[in-house]
Structures are given as structure tokens and as C-alpha cells.
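Below, chain A partners chain B and then partners chain C, in two separate complexes.
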Partner chain A sequence: MTNEEKLELLEEVMEMDPGTLKPEMALENLEEWNSIAVISFIAMVDDEFDKVIKSAVIKEQKTVADLMALMEEE
Partner chain B sequence: MINPMDLSGKHILITGGSSGIGRKCAIQASRLGARVTIIARNEERLKETVQLMDRSEEQAWYAFDLNETGQIENLINTITAERGKADGFVHAAGIGTGRMLRQTTPRFVEKMFRIHTLALFETVRCLSLGNNLNEGASLVTISSLAAKIGNISQGAYGAAKASMEGFLNPIALELGARGIRFNAIEYGFVQTEMTQEYMDFGDHKLLEAQYLGLIGAEDAANVVLFLLSDACRYITAAVLPIGGGYGGKIG
Partner chain C sequence: MVYEKVISGKLVDLKAADIDDAEFTLSIRQDPEMTKHLPRLDITMDQQKEWIKRQREEENGYFFVVWDKQGNRLGTMSVYDINGDTGEGGRLALYGDPMQKIEAGLLMLEFDFDVLRLEHIIGWVEADNKPALRWNKMFGAIFNEPEIDKRGKMIQRFTITKDDARVACKKIRGILQKTVASE
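Then we have the complex of A and B:
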């Protein structure tokens, strides 16, 4: 999957307009990165990459690029 | 001194017995004198749980994926052949994953219903066959308050739990002729890894609604043990809400 496709999936998860999310953005500054987005992120990674991510792992991530790094099959 | 919850000489089967409420049920049942057989997927956790039980040498584990519903009959027959008929059964296996509506796809719904509904129905059906249960046996399934009023993201989870409750009365009636009881417990928030996953990013005001606080896993298990014991031999087809007051506080 390309980085562009990953960003599109993340924009969908955070309900943001296409093209607005950048890899270097800090998650703590993103209003859209809320509890519902986290639930959606876990579900998306499960569906797309067949991988279950624990909440503890998500808590450690700092940037959009970190989330993209989790978006790989194991 | 008497102990109405004594389980000496009884054989108790527990699915999801290697973690959460199931693990605590296994430990408590052993402390009350039962021979316990636990079923779950993860061999390491199963072995760990057996070590935590009283009289470990009497206890047994079977590594099995309950999603393989076609193999449950074989599993139950093997267990009763090797360990004897069951006097108690607890369906504690489950997954608590939340999903918003747009991701509540058929594949996800099927996954939720497979473990909560199909695995329960099939295990109970197989236990009822060929004298796999002793007279007076007690069956308990772990439901959730989400069966009635789930929170956001709990659509599939709540529906799957509710299906357990629809199964309850007809089966309790049918098995009642053999003195077998069947009950469900609707839990609120219990202190387990599964709840932690749900709460980590969730709305913590939910816990305020449960005004007695987060339910300890051992406290949750004790209610299961009560239902397994002869202390409640006239309770059947009941759904017990163990919610720490959840839903009763207004404003």
C-alpha cells in the first residue's frame, strides 16, 4: 500500500477532507484524533491488514507517520 | 461451619478460562473444591491459569479455538470421556471490540456472533447430548448490560450478547426436565484487560454511572460461582444484572 493510500484511509478514520492529513502532523494537535477515531483506526487496521492493535500501543504513537508505520501486515 | 457454595466433587467446564472473568472463575471454582477444565486458545495462558488454581494436578486445560464450531462436539465428548460428565459450564469466552456503524460489516458481525452466540449454542447443545451433563448441572453464560443498552460502538457486541438471552428460557425449560439450570449474568464494567482496551480511549463518565465503581474480576466471578452452586438450585432462566448500579443514577 502506498503512503498516499494510507493517508486516505487515515483521513477516512478521522473524518477529514482528502489531502488535509500530513505524515509529520503531531497527533496531540489533531482535534480529529479522538476516541471514536481510535476505535475506527483499530477496526480499519483489523480489516485492511488483518492485525489487532492494542490500545497501549496506540497511546505510544506521536505522529501521523507513526500510525502509518503500524499499517502493515505482520 | 457450612458453605452453601461448596463445589467439592463437581466438574466445572469454563470457556475463555485463561483470561478475564473466566480465569477468575476457574481459580475460585478450584478454591471451592471443584475439578475444573478450562478451554481457550492460548496454551501459555491456559497453563499459567492451571498453576494459579488450587490442586493444580487435578485441573486440566484444552487448547481450542471456539470459532471452529464444527469441532465443538468432538471437544466436549473428549473432555467428558477423559474427565467425566460436567456439573457446571461457564461460557466466558468473548471479545469486546467496539466498532462504529460504518465499520460494522457483515464480516465483523459474524465474528461477534460466532464467539458469543454460535459457540455458546453449540457447546450447550453438545453438553446436552449423550449424558455429558450430570443431573442438577448448572450452565452460566456471561452476557453484558450492553445486551439491553449498549454504548456507542457496541452495536454488534450488544446484539450478540442479547442473542444469548433469547436462547436462555427455551433451553432452561427443555433442560429443566433433567434438573439442569441455565442462567445469564449481565455485567457492567469489570476490571479485565478487555474492559481496559475499551476504556482506554472511551468516555470515562461511563464509570461514574456505575456508582459502586469498577467491578473486580474476582467479585464478578463470585456471582458465577453462586449460580454454579446448589445455593441457588431454584434459580433458572434468570438474567442477573451485575452493574454496580449502572443505569440507576439520574443526572
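Then we have the complex of A and C:
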């Protein structure tokens, strides 16, 4: 999956307009990175990459790029 | 009304609020972050204690404090104005991490539909409160078109049916079980 495709998926998860997210963005500055987005992200990664992300791992992620790095099959 | 049992989850517990919770329940409703879309309470501690006492005596509602497993209060949730098979959900104000918040939402809905045996939960959110719109949709809410309320604010009313909640909660619980159980 390309980085552009990953960003599109993340924009869907966070219900943001296409082209809004950039890898360098800090998650703590994104109002859209909330409880619902977190669970939607976990569900998306499970569906797309057949991978379960532990909630403790989610807490460690700081940037959009960190989330993109999780979006790989194991 | 008081639900005497602790509603216990893997990450959080819901317990009926009592007057010992007055300070916390008042402070959360005065927190600027929490009161962006939730009416701020400009009352005294004594008034909050009296309100909690009345809540405990009223027959058509339940007011819970959400606790983490370490004994810290995380927030509040409530079902009130119960009339027949319908109650109103609200007074939702939560600190905590995403999984704790999600589980609290699940436990509250399961209480509404499985313990109280309600058929519908209704409520409203301010139309520009995107997180709240999304939160309720995630739990199965169907929203009406926006309308202007008595305060002159644009709101959207919603209904969660028991069946829609069951489908939504099953999906959410499946995700929670995978992501928390795997730790």
C-alpha cells in the first residue's frame, strides 16, 4: 500500500477531508484523533492488514507517520 | 434511583454517584475542555450535593460515576427521564484513555437495554459537536435533521434502538476484546 493510500485511510478513520493529513503531524494536535478514531483505526488495521494493534501500542504513537508505520501486514 | 451493584468491565467500573462524588462531578462540569459542548454548572458544592441526593431519590433515572481499576474517577454518565421503554442518555463527560471511554459507553448501553430493559435511548447533541455526533453514531444512533433548540442553538436529536445498539456494541466489544485481551 502506498503512503498516499495509507493517508487516505487515516483521513477516513478521522473523518477528515482528503489531503488534510501529513505524516509529520503530531497526533496530540489533531482534535480528530479521539476515542472513536482510535477504535476505528484498530478496526481498519484489523480489516485491511489482518493485524490486531494492542491498545498500549496505540498510546505510544506520536505522529501520523507512526500510525502509517503500523499499517503493514505482519 | 440507585443501582446498588457495580457495573464492572475489564477497564472501568460504573458506580451510582453519591455525595462523596460531589466535588469530582462538579469539577468535571466546570472543566473548560468538558464544557465546550456540555452546559457548564455554575453552582456551589452544597447545591451539587443536594442535586446528587435528589438524583438518588428520583425513580426515573440513574447517574453513574465512571472509575478506573486503580480507584480513580474518570467521569460521569447517566440515563434519565425514563418513561415507559425510553430513557434519555447524557451527562457524558469522560477523562481517561480511548479504550476506557469506549468501554464505559458499552457498559452504559448494556445497562440501559439489558438491565433496565429499555427499548430506546434518546438524546441530543449540538450540531457542531462532531465528536459527540460520531460517538453516538458508533453506538447505533440515528440522527434527526438539525433544529434550533430553546437556547437558540442548533442541535440534532437522536434515537438508539435496542437492536441497533446490540449490533453496534457487539462490533465494538469484539474490537475491545482483541486489542485489550492481547496485552
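As a working rule, the second predicted complex is superposed on the first by the 74 of 74 C-alpha atoms of A that agree within 3 Å, B and C clash if a C-alpha of one lies under 4 Å from a C-alpha of the other, contacts with A are read in each partner's own complex, and residues count from 1 in each chain.
Operating definition for what follows: a contact is a pair of C-beta atoms (placed from the backbone, for glycine too) under 8 Å apart; a residue touches a chain by one contact, two chains touch by 3 or more.
All values reported here derive from a predicted model rather than from experimental measurement.
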item: Partner chain(s) touched by A:I53 [first = chain B, second = chain C, both, neither]; value: second
item: Chain A residues touched by each partner, larger count belonging to chain B or chain C; value: C
item: First, second, both or neither for A:I36, with chain B first and chain C second; value: both
item: Partner chain(s) touched by A:T63 [first = chain B, second = chain C, both, neither]; value: neither
item: Chain B versus chain C as contact partner of A:M44, first or second or both or neither; value: first
item: Overlap of chain C and chain B interfaces on chain A (superposed complexes); value: 35-36, 38-40, 42-43, 46, 54-56, 58-59
item: Of all residues in chain A, those that touch chain C in their complex; value: 15, 31-32, 34-36, 38-40, 42-43, 46, 52-56, 58-59
item: Touching residues (chain side chain B, partner chain A) in the complex; value: 97-100, 103, 105, 107-108, 152-153, 196-197, 200-203
item: Residues of chain C defined as touching chain A within the complex; value: 97-99, 101-102, 130-131, 134-135, 138, 171-172, 175-176, 178-180, 182-183
item: In the complex, chain A residues that touch chain B; value: 35-36, 38-40, 42-44, 46-47, 54-56, 58-59
